[in-house]
Amino acid sequence: MTEARRRFARYHPDFLLLAVDLLGTYVFAVEGAMTAIRANLDILGLLVLSFATALGGGIIRDMLIGAVPPNSIRDWRYGATALAGGGTVFFFYQFFQNVPQPLMITLDAAGLGLFAVAGAEKALEFGINPLIAVLMGGVTGVGGGTIRDVLLAQIPAVLRTDVYAAAALAGAIVVVVGIRIKLPRGLVMSVGAAACFVLRMVAVWQHWNLPRVIAH
Amino acid sequence: MTEARRRFARYHPDFLLLAVDLLGTYVFAVEGAMTAIRANLDILGLLVLSFATALGGGIIRDMLIGAVPPNSIRDWRYGATALAGGGTVFFFYQFFQNVPQPLMITLDAAGLGLFAVAGAEKALEFGINPLIAVLMGGVTGVGGGTIRDVLLAQIPAVLRTDVYAAAALAGAIVVVVGIRIKLPRGLVMSVGAAACFVLRMVAVWQHWNLPRVIAH
Amino acid sequence: MTEARRRFARYHPDFLLLAVDLLGTYVFAVEGAMTAIRANLDILGLLVLSFATALGGGIIRDMLIGAVPPNSIRDWRYGATALAGGGTVFFFYQFFQNVPQPLMITLDAAGLGLFAVAGAEKALEFGINPLIAVLMGGVTGVGGGTIRDVLLAQIPAVLRTDVYAAAALAGAIVVVVGIRIKLPRGLVMSVGAAACFVLRMVAVWQHWNLPRVIAH
């Protein structure tokens, strides 16, 4: 570990990064809880879906890259934030239901971008090769939503609709390429998250979908 | 590790604890096998469901807290007990079908209590924080049934019905709080398992359900 | 580690073994992609299903036996092969659709045999007991297909139809028994893979199914 890396490790996660990460966790937890209510789950099912949606992607990534126990198991603030997201929806469902759809989509896209770049960066730090690091960025972004849909016995939405996972992968590619050509880490991660965010928003706005093969 | 902990580690698992644990494994395996038959699975699907229902919760917990390889992968007696549970159902289905429902519910509640307190205690031993240790107790208790339901492409029953996971969490809370305030471990685990058991039985008897938000 | 084992470790995986392994990966990835197209997934869902079907079984095995990060996360060639399998199906679906069914079944049976014996052998190398090592062979062979089916919200085909997982387990048993009685590793693995392959092919040809209990 170089001196720079050691310093990074000592100060990491800094307050801003942690705050942004917990905000993303909260947003994803709220979405999991809203889905749970629509599926007629009870308070406990709601909390499980909040937890799984918010933290599932990061947990899968950490287990795959060997960062065990996963960050959100080791640090109680992640679990607490996820449960807080579920709890506020339980008590203030009326309020959350009236949040304008575009605002939710915007917050979700922001969370997606953050999770994707953080996931790719962490995979690289653990010595994972670039191809898989990109996939780990994608997994971090969409893994939670995938678990949520599997628990509801539905085909995961990310597998069939919209440019969602693709936006996460785009952000992760920016990070992996940028770090490989030794651009500053902070810059690379900001640009990657922005790329994911913009791609996702434009895709929603323009109704972009990925190509598919028609079976016959 | 203190002298007391070292001694605990040296003698653990003692014969009684192991016997009780394997009994819980057997009961859960039987339930998995009964579900498999109702879903028209063949002998192999039946054994898979026995194994997953009986050992899935503990395996998820062990992988999340970093106890790898999981206990039931390392110790052949767990796998053998789970397969024995499935095998006896396959050959004596008639008999198991005639076991009175209240007896099955009672045995299941006992297994749930045991798994929940054992899961929470193990998480604490591995240095997991109290909040997540409680959740790990819950995961140990209901994880196997959740995997079983996912494999059958159904929404896990624990997410939507009854006071089941809630009872597991209650037992885990007793353990985590009790150990934090340094009560004797054996006492704490017994009280926790009893609390889970009683809560579950009363909930079945009184048809308790958790509150839910009605979507509209 | 004995001198013999050390030598094995130094040369492993040799070129032939790697080539065969990647070929199996490619075949399973193609099957995952074909299923994705039939389920009307987009290009990304197709690649996810290719990756999960081809590598899911080995990833679960590696995580359970403590070989973390899993081989296919550490070595980019596995992920690249899986994505190549998905990509060629996307661009040449017409061609793959016209591949005769018996050829696909034959290739699949070959891949199954290879995965099963490789999985059992690796579990033994990691000090896993014989019973679980056999199950790990089965998991390696059918885990990917199980994940694929769960993602499509279907009951995994291996749980209810044909002699498929049973063939994988048979191959794994040959390996575990053979290595225990100290027969040459290469011989044991070849015979195990052949046993799995032949059993699977005969089962398809003769429409063999495993027994099941009829619920009433």
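Labels A, B and C are assigned to the chains in the order they are written; within every chain, residues are numbered from 1.
Note that a residue touches a chain if its C-beta (ideal position, glycine included) is under 8 Å from a C-beta of that chain, and two chains touch if they have at least 3 such contacts.
Every value quoted in this text rests on a predicted model; they were computed, and no experiment measured them.
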Angle of rotation relating chain A to chain B [CA atoms, steps of 5 degrees]: 120
Classification of the chain A:chain C interface as same or different, half of numbers criterion: different
For chain B paired with chain C, centre-to-centre distance based on mean C-alpha positions, whole Å: 30
Centroid distance [mean C-alpha coordinates] between chain C and chain A, Å: 30
Multi-chain contact residues (two or more partners), chain C: 63, 68, 150, 153
Sites on chain A touched by chain B in the complex: 36-46, 48-49, 51, 59, 63, 68-70, 73-76, 79-80, 89-90, 93, 150-153
Contacting residues of chain B [partner chain A, same complex]: 63-66, 68, 126, 128-132, 135, 146, 150, 153-156, 158-161, 165-166, 169, 209-213, 215
